[in-house]
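Presented sequentially are two complexes of subunit A, the first with subunit B as partner and the second with subunit C.
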Partner chain A sequence: MSVELKNVSKIVDGMTHIHPTSLSLEDQDFNVLLGATLSGKTTLLRLMAGLERPSSGEVWFSGQDVTHVSVQKRNIAMVYQEFINYPNFSVFNNIASPLKVAGKKQDQIRRQVGEIAELLKLSEFLDRDVASLSGGQQQRIALARALVKHASLVLLDEPLANLDYKLREQLREELPKLFAASGSTVVYATSEPEEALMLGGHVATLHEGRVVQYGKTTDIYRRPENLECARIFSHPPINMAKIVKSNDLISIPGIAGWQCPESFRGRPDREYVIGVRPHHLSLTNMENSDRHVAVSGTVQLAEISGSSSLIHMRIDGNDWISESGGIHAYSMGENINVYMNLDGCLYFDQDGTAIH
Partner chain B sequence: MISKSVKQSAWFFVIPVVFLVAFNALIPLMTVVNYAFQETFGDNVFFWEGLTWFEQVLNSDRFHDAFLRQIMFTSIILLIEVPLGIAIALSMPRKGPWVSVCLVLMALPLLIPWNVVGAMWNIFALPDIGLLGYSLNAIGIDYNFTQQPISAWITTILMDVWHWTSLVVLLAYAGLTAIPEAYYQAAKIDGASKWAVFKWIQLPKMKRVLTIAILLRFMDSFMIYTELIVLTGGGPGNSTTLLSIDLVKLALGQFDLGPAAAMSLVYFFVVLLICWVFYTLMMKNEQQ
Partner chain C sequence: MNSNRRTAAIPLYRLLVPAIYILFLMLPIYWLLSMSFKTTNEILGGFSFFPRDFTLENYIEIFTDPTWYRGYLNSITYVVINTVISVTFALPAAYAFSRYRFLGDKHLFFWLLTNRMAPPAVFALPFFQLYAAIDLYDTHIAVALAHCLFNIPLAVWILEGFMSGIPKQLDEMAYVDGYSFPRFFVKIFMPAIASGIGVAAFFCFMYSWVEMLLSKTLTSVAAKSIAATMTRTASTAGYELGLLAAAGALTIIPGAIVIYFVRNYIAKGFSLGRV
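Let's look at the complex of A and B:
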């Protein structure tokens, strides 16, 4: 089912939660809403679900206006950050609940629940009480409920946020496959750029109640339309600095300079902004060093995250972060050189629009 | 093994607690035990009686009647207050300025001193001058709680419901507000009816607080004294003489210290036993 938001806005008690937004999601696509807390992800989901009515604009499903159609009639399923299951039901009855409401026959219910339970590795727990299971299993039950319904639209509101690291990784991998097989259109809200990348499909970046950009996840990651989008889609935060173009040279004044890229030629000589993702700043000089520029700064903090090191540095008034594989120890105040990958640099005009 | 040096000075810190517990629980209780097994005629002279008083109390019709009345009273008020309390809690607003108004209104009966509650209802229900009693008689209902056992019972139950339903409401309301909004949304998406939401989400989620509410209401109603003695004094006749009133009549009215002490202990163990059985059953249910 395709989903279309036509100039939808939401204002509650004079506060604008969603500015007029248009968004068009293809049938059976996996879509991610990426944005920080309070950027409007949940409100958008609720508008799609019909749990809230838009203050203006329309919601269309498969070419039909459903703005005033009730939640029950929209054939959707929703999974939340909290593990929402019927507290007194067994796992079987929990998964079966949407089918029972729909008035399906007993043997059909048993078959469908069995299949879904198999898929989500819940078969051995079907007779158990929900409360006796772990968080990961409880969330699997909630997912199973969403899947068994064969909803045309499945909305997932940070479903993995309350799970521990390992389970999150595992489910992140499984989820797109599960839903691809189900034939549902999926909208998945998350605040983690990494998660959006792993899930693939399409992504809509959100900032303060506006959709900043929508498109294929990889496109948006590689070619953000503006600084805001690049900022949303980068973790650790994207590094920024003012640059100056003069003739065919670009420089971060007093730090580094390099040849102007193709897309930049012919633009007026003045100040621009550069954005460099932390993993494009490496600690070692690469072999094809003509594509790398050395930048020197002082170490402010060196932290280890997973199997990579994050080096926070001060580079002439800018706080930058470099992310590189392996464990590296630096002490505070140390002077270091990092090598900036010119192919990874994103250029922006002063107003924030990207220059590709 | 690591040998620890024994510091006797630690005992010093336990002494206040020992005194506190001794004076407010152990010594009074032991006094009652003392009276329950012995006969005294004053002057601190005691004669050993063994289980005589217990046998006498447990075999007396008077105790049986009071006990039955007590069970009936507690059952009735539980059957009214718990469902009513849940119903009121469900209809209270979940957010907005009215929440505090409702909560204060609900808490009011709980803030009134118990004997004042009794006095209020006594005056309110008097057939000649009370608003309730006078109005009922004016519309042709023969009502006089000072003379008719049924009227006395109805008045007593009304008073208790008025006084204590709030407690159930407040506890149930606390349980309700603890349910995340997402549950209601999920139910809405599933197309669950209001009754289904109540039965499968709200009631199970309120189970713990309701257990406590029922326990508290059971204990308090089983030991009701102050409001009742002011309202009916146990009458007319013995019709509203519940256990505690009977006990006071026995101990202070007739000064039968031995039987009264024995009855106190029986009374205490009955409350303890019922609470224990109730709690164990509820908790067992919880684990399944």
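Let's look at the complex of A and C:
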């Protein structure tokens, strides 16, 4: 089912939660809403679900206006960040509830629930009480209930945020497959850029109640339309600096300079902004290539997270972060060189528009 | 093992205070029971810890004399009617307070509580006048409705606390799954707050059961409550104390039965600060 938001906005008590937004999602696509907390992800999901009515604009499903159609009649499924299940039902009845409401036959319900439970490894718990299960299992029940219905639209509101790390990794891999097989259009809200990348499909970046950009996840990651989008889609935060173009040279004044890229030819000589994702700043110039430019700065903090290190440093008034594999320990105040990958640099005009 | 030894090692003096406390609590009840097995003559005749002439006369009298046992039946009738009405009306009201915001909701909610601050005596006369005028005087429903004035606010107050403990997402998820509101409310929501309904029903039951002034004022013969019966025992034979004690002992039983069923949930009601 295709979903279309036409100039939808939401204002609650004079506060604008969603600015007029238009968004068009294709049938059976996996879509990710990416944005920080309070960027409007949940409100958008609720507008699609019909749990809230838009203050203006229309919601269309498969070419039909459903703005005033009730939640019950929209044939959707939803999974919340908190593990929401029916507390007084057994696991089986929890999963079966949408089918029972729809008036399906007993043996069909049993078969469908059995299949889904198998898929989500819940078979052995079907007779148990929901409250006696762990958080991960409870969220699986919620997912099973969303899947069993074969809803045309499935809305997932940070479904993995409250799960422990291992379970999250595992479900992150499984989810797109599960939903691809179910033939549903999926909208998945998350605040983690990494998660958006792993899930693939399409992504809409959100900022303060506005959709900044919508498109294929990889396209948006590689070619964000503007600085805001690049900022949302980077974790750790993207490194920024002012650059100056003069003739065929680009420089971060007093730090580094390099040849002007193709896209800059013919542009006026003035100030621009550069954005470099942390993993494009390496601690060594391994390939010794001419596509890397050395930048020197002072170490502020060296964080070691698992198999990679985050080096926070100060480069001529800007706080930058470098992320690289392996464990690297530096002491505070040390002067080091990092190597910026020119192919990974994003260029922006002063107003934030990307220059590709 | 360790904890066992510790329990065993509680010195006697530490048990003294709770023991005395329980003794003082139980003493009046024991006295009532002991009196109920005595004859009125023995009660008036002197001081005795145990019934000297153990008799079941008092109980037999209550269970055979219609003026006595009807009192119980009448009381039970209006108490049950009242509990059902109170909880039935409090459920939707409490749901509205817990789920919606509307103009003056907080004031209205507090005002409900203030209803309980007025003494029942204040309402005895207006109720009497009103019910006499509309031919409701001396009926079960009259007492049941009068008690609603106190019990519905109490039930709303208790239920709201339990309902607010259920996340609103549960309601939404039921709608997403296709439940209509009534079906959701009965099939999912009410079972989810079953303990709250139990606690609310218990308090309505108890209040209505022990309330005497209104029930006495609003009934005369047909719906005469046990409380009214018990306070009119100065018969031609003087005070029948044994009979009165037996009636008192029997009056404790329904409350004890009800409290047995909700004992585990009452603590939750208290911790919500709602009881």
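In this section, the second predicted complex is superposed on the first by the 355 of 356 C-alpha atoms of A that agree within 3 Å, B and C clash if a C-alpha of one lies under 4 Å from a C-alpha of the other, contacts with A are read in each partner's own complex, and residues count from 1 in each chain.
Note that a residue touches a chain if its C-beta (ideal position, glycine included) is under 8 Å from a C-beta of that chain, and two chains touch if they have at least 3 such contacts.
Computed from a predicted model, the values in this text were never measured in an experiment.
Because the two structures share subunit A, they can be overlaid on it, and in that overlay subunit B clashes with subunit C. Applying the stated contact rule after C-alpha superposition, one finds that A:Asp129 touches subunit B and leaves subunit C untouched. In the superposition on chain A, contact of A:Pro87 is made with both subunit B and subunit C.
Contacts of A:Trp60 after superposition: neither subunit B nor subunit C is touched.
In the superposition on chain A, A:Ile76 contacts both subunit B and subunit C.
Within the superposed three-chain model, A:Trp258 lies out of touch with both subunit B and subunit C [touch as defined at top].
Put simply, of the subunit B stretches 21-29, 39-47 or 219-227, the part that bumps into subunit C is 21-29. In the superposition on chain A, the residues of subunit A contacting both subunit B and subunit C are 49, 51, 71-72, 76-78, 80, 82, 84, 86-89, 97-98, 101. Considering their complex, residues 49, 51, 70-72, 76-78, 80, 82, 84, 86-89, 97-98, 101-102, 145, 149 of subunit A touch subunit C. The touching residues of subunit A, counted against subunit B in their complex, run 46, 49, 51, 71-72, 76-78, 80-82, 84, 86-89, 97-98, 101, 129.
Taken in their complex, subunit B has these residues touching subunit A: 180, 182-183, 185-186, 188-192, 200-201, 204-205, 288. Against subunit A, the residues of subunit C that register as touching in their complex are 166-167, 169-170, 172-180, 183, 188, 191-192, 194.
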